[in-house]
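Chain IDs A, B, C, D and E follow the sequence of writing; residue 1 opens each chain.
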Amino acid sequence: MHWFSLEYIAMNLGFLLILIGLWGIITRKNILRIIISFSLFDTGTHIVIVAIGYIRNRTAPILDTLALQKDTASKIVDPLPQALVLTAIVIGLGVTALLLVYAMKLFETKKTLDIHRFNDLKW
Amino acid sequence: MLRNSLFLIVLAAFAVIAFTLVNAWHPAESLSPVAEHYATNGPTEVGAANLVTAVVVTYRGFDTLGEVTILFVTAAIIGFFLSLFHSESPEQTDRLMPASEILSTASKLLIPFMLVLGIYVFVNGHLTPGGGFQGGAIIASAFVLLLLADPLSKLNHRIIAMVESVSGVAFVLIGLLGIFLAGGFLDNRILDLGTFGALLSAGVIPLLYIFIGLKVGSELTNIIGHLQQTQKNR
Amino acid sequence: METLSIIGACITLIGSLFLFLGSLGLVRMPDLYNRIQSGTKASTLGTLLTLFGIALIYPNWSGKLVILIVFVIITNPVSSHVISRAAHRSGISLSKNSVQDDLSHDNQQQQEPNAIKP
Amino acid sequence: MVNTILIIAAVVILLSMLLSLFRFLKGPSTFDRIISFDVMTISSIGLIALIAWFANRIIYLDIAIVYGLLSFLGVIIIAKFLEKSL
Amino acid sequence: MIYLIISIVLGIIILIMAFIALYHRNLKVAILSAGVVSLFASILYLLLDAPDVALTEAAIGSGLTTIIFFYVLNKIQRNDAEK
């Protein structure tokens, strides 16, 4: 029965998204679809990391009310994973944009997006 | 077919690993020691109501510096790559249909609102959710709306680059001032901490977030502008 | 105070019912344009009522909720307009039961050389 | 009393999201999917406001504003893309 | 309790959308459903008491990523038409 709670659902969802993204990355042929799978993978890892910091019956680490300002440590969830994920999302955008521009350039040189056609370095 | 089944085996191995990880995991009952330190001492040391902001800007300020650097490098590489696309037939821009009356009017209404919202988000970063990165993203989306409403308009890349470099230099300078006037790099106690929960409090965190917001916003706008110009060139 | 919050909760419930009806129309309507109008009109009203109900329950939240309401009022019709215009331009046909198509009429008029400028 | 009514409202909103998910799965053209995306995000604004009530934090309403803004932008950009005037 | 219901429904929607993103023939629909995954993940972050992350995901993960995807797709399709 303990599986049936918010943090376990989020955790399983995150790992399922990671698996789906991995499956997409290794099986899809279109480069753009590989990038989409990469962003799914990204979202999955973020959900997992945020779910690690979740503690039941607590509230967000923003102390805007007076009741939260005393005895803070027993009332808030872990702020550290949230800060890490904040960083990771922004970097994820940069990486995705870079991948997309590379894909554009690859398309311009070979006029195709099929990953199996890019076998110049294959021996 | 053989390849796919091989991939399936690999994926099954990953699934087993993931399942063991989830199965062995127990939800935390209390904060970890580091987080507890942040929670108990953060309000008095940093003075920010939003503890995530305190962690991002002050306790782990180096992360933010690296992150901003990564974004800068990304924007530079994208600009370099997109300038390699040669422009051929400029008359093709004629076939762009203008945006409808309703969209252009609504965008005139919405763009100032979005800019104000972005500024609100990064000025209030130490009190409410949000901060420099989110505010920068909202400002960049305001420029996207501008480009959508009028596809022939052009962003001035020189001004964007100037804002970006000035705010980047200011961010690092404030960080360096922390070494001389306070405890270390990116320490926010250069200015007075002020009253907890006020807009002008938490030392230099609002200032730092303004610069981060301007920098991230101009970088993202730069990426979008370069992308949009390549659309027009071909 | 208590009655006001119960009234607010009921308004929120009515708003969510409108959202439900909007997406029911999204499933049931025969062609794209009908879906657009049922989806966006009903769901705009639903969101407005939901936010308004919450503003009645917590009067000190009403500042942000009013901003949100104004925002929804501006953006939703614009997005539905843009979608329907794009759909019409890319040539999605109307359902057989519809009787009037003014936009294509206007477009034909504009293509004629001596058409009156609006 | 209020809490119960609001829980029912949240469940109704979730049902409406599932209905629009059905249209997303079935929709014959891309435009049907866009409109279903639009309805889903509009319903999510109401859902976020309800979540803010359940958690009793006013700061969650900021997320609703940004959420509405960005989903609006997404709808506009895909519509302009399909109109071939991006 | 209501958090549990919301999270289950969101999880179902996210998983279905992820599968659509991988297997739908139309690339536009795939990008759109990846955006839906991000948007609903942001509500999930809100349930997990992380409003900062939710704001970031809504602004960056779904908004700007989708926008950049469509710009790139537009460029590629236009090149494709010229060929």
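Note that contacts are C-beta pairs under 8 Å (C-beta built on N, C-alpha and C of every residue); 3 or more make two chains touch, one makes a residue touch a chain.
Computed from a predicted model, the values in this text were never measured in an experiment.
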**Report entry** Lowest number of touching-chain links that must be crossed from chain C to chain D
**Finding:** 1
Requested in this report: Chains touching chain C and chain E alike, please list them.
Outcome: B, D
Requested in this report: Can you figure out the chain closest to the middle, judged by Cα centres?
Outcome: E
Query raised in the report: Where the centres are mean C-alpha positions, what is the separation of chain A from chain E, in Å?
Result: 11
Report task. Could you tell me the distance, in whole angstrom, between the mean C-alpha positions of chain B and chain C? Result -> 32
Report summary line: Note: chain E sits from chain B at a C-alpha centroid distance in Å of 18
Query - Residue list for chain E, restricted to those that touch at least two other chains - result: 3, 47, 49, 51-52, 54-56, 59-60, 63-64, 67-68, 71-75, 79
Query - Contacts with two or more other chains, residues of chain C listed in rising order - result: 71, 75, 78, 82, 85, 89
Report summary line: Flagged in chain A as touching 2+ other chains are 5, 7, 23, 53-54, 59-62, 64, 82-83, 86, 90, 93, 97, 101, 104, 108
Report summary line: Full set of chain pairs in contact is A-B, A-D, A-E, B-C, B-D, B-E, C-D, D-E
**Report entry** Residue ranges of chain B touching chain C (in the complex, touch as defined)
**Finding:** 97, 100, 102-103, 106, 109-110, 113
Query raised in the report: Can you name the residues of chain C that touch chain B in the complex?
Result: 71, 74-75, 77-78, 81-82, 85, 89
Query raised in the report: What part of chain A is in contact with chain D in the complex they form?
Result: 59-60, 62, 64
**Report entry** Touching residues (chain side chain B, partner chain D) in the complex
**Finding:** 96-99, 103, 114, 117, 121, 128-130, 134, 138, 141, 144-145, 148, 151, 231
Query raised in the report: Can you name the residues of chain D that touch chain B in the complex?
Result: 59-60, 62-63, 65-66, 69-70, 73, 76-77, 80, 83-86
